[in-house]
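So the structure is just underneath, and the comments pick up after that.
We call the chains A, B, C and D, going by the order they appear; numbering starts again at 1 in every chain.
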């Protein structure tokens, strides 16, 4: 009969109208600034640099300025300058470090390829999304001070991945230590020159400061 | 489905005087292709479409490939037997030759009716500058209409017999063909400051010393 | 059929009159008539202006709820200040007039549209004592004023000098010609049975109750129900509401005749659309739903204007509900629906009403015969014409490979 | 052979008894119903279309040149941005092409996960398309909002698996990036279980609606011969009655293991295209049920696949899959370097637009809008 389809449609809309008052499945709006959706753990938006120690972020960057991510970044938004000198990293090993590590977040598309190709677990995906600024040039160009975030923050946003990374790094470290020990033992067998004094490891990391979203450049 | 060799033989039998060669594909995909000459291209395409064994009724993909001319260094080894009876000497002769460039159009043909494919058809232009005309296959497969326009737009292949050969993705006043390997992008392209020195340098060159400093974009501070 | 007057006129019922008399009492006698007229105008403007404001809000809220979202809720409590925020925005926006446009017509179109859609409200009896102008030919006057609104839409489309607006103007004219006829023809039976073109007489004719709880509204008779439905369909088209919003046609003509309007003029078009919707709904209430009459005798203590408002709002809710559900018709389908479906049905309905009027005296078993005949005359042609209208259009079954 | 050339004999005759002045209207690039920045230059006789020329390129960014400038892996996130509603299938099509080029095999679990994600993508694309189509028909957003309500649920799933709602960048050559955990699969199962109920409600709102039927039936017909010749693929081709579904034809991935049917239309009009999509969604729900039930264990990535320094040996490959919009294919030529020598996308919605004019001629402006809507285009893919 003419009109039966229309009446059926009217019934559907009426059902949704009434349902919006009692059925959460029919009222799906999340009123954003007041209510924020729980981000899934895998959520990714813009990379950050992992530091071992929150008190000395620039000294304990995991990044060794190998520039793999700079090369692999599809939109070419990473800019790295290597240091001329070497600094001890968190494990005490002397490493090159990035003097400049800039990410142009106006170009970055959060594709995560830098994270995947990084052999040092030094760059990871952040979860910031409220990054609006009034300056679209400088404020969106994040330097290494703005990018550096402590490992604890990484644990907060991606607990599973961070635990995996920590376990892997610990295993690597242990293997390296054992190797060093073996080497030292081998060296000790030879009455030769003394081994270089190991640099003291940083003390237990203090609790992290509240994670900062990268604000406008100071 | 017939192998490319079989198709080639049948095409050569059907079109005496035509040139058809099988281009061997070295990758594991083993999708070998047929390189046909431009003069018989459209007839052969029509034959492939209507042939009851092949029935390639769908031309799924049309694309251009740019092969710029390149210098090929060939090393020829000749073994010269040592007259003294010692180990034969190996003399390496290096010869350079310029392999002429061309533009290539690749058609991926499938049969919807017989559910097979792809048969890859290629045609090459004489060079990359003036002899860039190829027969249009739009009269054979309608799907070539926009795709050939795209190849014309981005590669600069002129299709003879195309009903409406205009630029499709770039604007009409655009001059170059951006998908060619030697395309140089204009220096005002993406002038905004980024951490990348070359883009910034290009931008500075194109927009020299702005008159009003207030209106000019601030240069980036790459260093912290 | 004429209802006996209710025994007591409560002070609530007379309240608007008391207020009016109190105000005019302060003025000299000679200015009284002017004050009364001006008061009526001011009250209608204020009441419908406010109704328009909150109708836009209600529409957005209801559409929102139907679409599983809250609708505007940021401005004020529950978004109650939203209409005023919108108003301020509309007034302060730049008024863009295209260079090529006919500036005079471009300006006049929204003004004329609002004026014409307001005029019709003068003859609607909003309550027992609430009527701005008691015209002998009130119904005729109402539709004459209403027909001019489509002309204003045409004016807007023509004056904008925009191709989309021009297409919208063409559509508006075609729609005007198609839908004026079923709209008027569906009203004729009411006029015929009431024997008057005066809206007050028509409302009075629907007074009274059978057994004290079945009102004598026209909508409760077979011809009245059919007439009501067809009137509402035509009213949807006449007020350019979905599914007949062809002149505006957002997805096809961008905004149709509104494409080149901005700021307050744009707001005026909206105002006119809602005034037109209110006017036609009010007329439907008057003609078919018993006007201000209460549905049951024991509910009479509630003042008449409350009943009228309730009925009006119900119809407006229907407008919004339909808008939320239905897609738009195409131009040819719209005219076909009018000429091949609504016009024949309204003509048959006229005959049906005549039969109903002549058979008023039938009683006993003949009473049921009367209902059966009247219902057949409504349902039969509806089914037949409906089948003809939807010929070739049917749900399909699909095969699988 | 039938003449199927542009402007050929198959084109619908236009009535020109009252041949007055023609009106040329530029619909787009700023138009509510061109699904982005598409433009149609329409010549009208009254409201009837006598000529229609599509104009492209407003979103052109030379995606293919970008692909030639980045590594094989670097193109993967760019494929998300082609048809930005269906990043998962774009990823898959690209991965299939690269896997063909490099001869990589994919673990079984990854193939199943790919099927699950592709079918979820199909659900979300078809749902959205139905919503957009009804929006073009003049609905005040209601079907679109219902479609988006369901789409959000699928996007939530994508987000919690890949980290991004639309730009998933999830597939890799030789597998997938992340192994879906058990709770994710349980959530996917819940969604799939509830989808049929949603489709029933959605169809109650639209399918039987007389106005929808009147607007869409007999509008924008295309013949099967023309559709095949014009390279039309996907639901638009199947609506003409041609049984051509690459999931059946090529049997790529693990599709041959699933039991599903391919719905076919008979008229090739807008209503058929809409209904084929709705019916396909029901089949997709079936595939999803089977895939979720039969998901095997094992690795998600082929350990032979290299992430860094991936250099397939010289050669070429054309890989294609059945995307929600049709055959999405990638044609790659490798010269042995880390970047492809030629990277070509076969965009289904661009090629499906070839016969837009043929479908629209003789119809009105209102029809052109819904014909365009029923072709299902995404400008990110059309203009590349």
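Assume a residue touches a chain if its C-beta (ideal position, glycine included) is under 8 Å from a C-beta of that chain, and two chains touch if they have at least 3 such contacts.
Computed from a predicted structure; not experimentally measured.
Considering every other chain in turn, the ones in contact with both chain C and chain D prove to be A. By number of C-beta pairs in contact, A-D leads over the other of A-D and A-C. Among the remaining chains, the Cα-based centre furthest from that of chain D is the centre of C.
Chain centres here are Cα means. That of chain A falls 34 Å from that of chain D. A separation of 61 Å divides the Cα centre of chain A from that of chain C. Once the centre of each chain is set as its mean CA position, chain B and chain C turn out to be 65 Å apart.
Remark: chain B and chain D have CA centroids separated by 26 Å (rounded to whole angstrom).
Taken residue by residue, chain D touches two or more other chains at 142, 146, 149, 205, 207-213, whereas all remaining positions touch fewer.
Residue numbers of chain B whose C-beta contacts span two or more other chains: none are found. Residues of chain A in contact with at least two other chains: 2-3, 6, 9, 12-13, 16, 28. Interface residues of chain A, counted against chain C in their complex, comprise 1-3, 6, 9-10, 12-14, 16-17, 19-21, 26-29, 31.
Against chain A, the residues of chain D that register as touching in their complex are 66, 70-71, 73-78, 80-81, 142, 146, 149, 152, 156, 159-164, 167, 169, 177-178, 201, 204-213, 307-308. Looking at the complex, you find that chain A touches chain D at residues 2-6, 8-9, 11-13, 15-16, 28, 40-44, 68, 72-74, 109-113, 116-117, 125.
Of all the residues in chain C, the ones that touch chain A in their complex are 62, 65-70, 73, 321-322, 324-326, 382-383, 386-387, 389-390. Remark: chain B residues 25-29, 31, 33, 49-50, 57-61, 63, 65-66, 106, 108, 112-113, 115, 118, 120, 138-139, 141-143, 145-147, 154, 163-164, 167-171, 178-179, 183 touch chain D in the complex.
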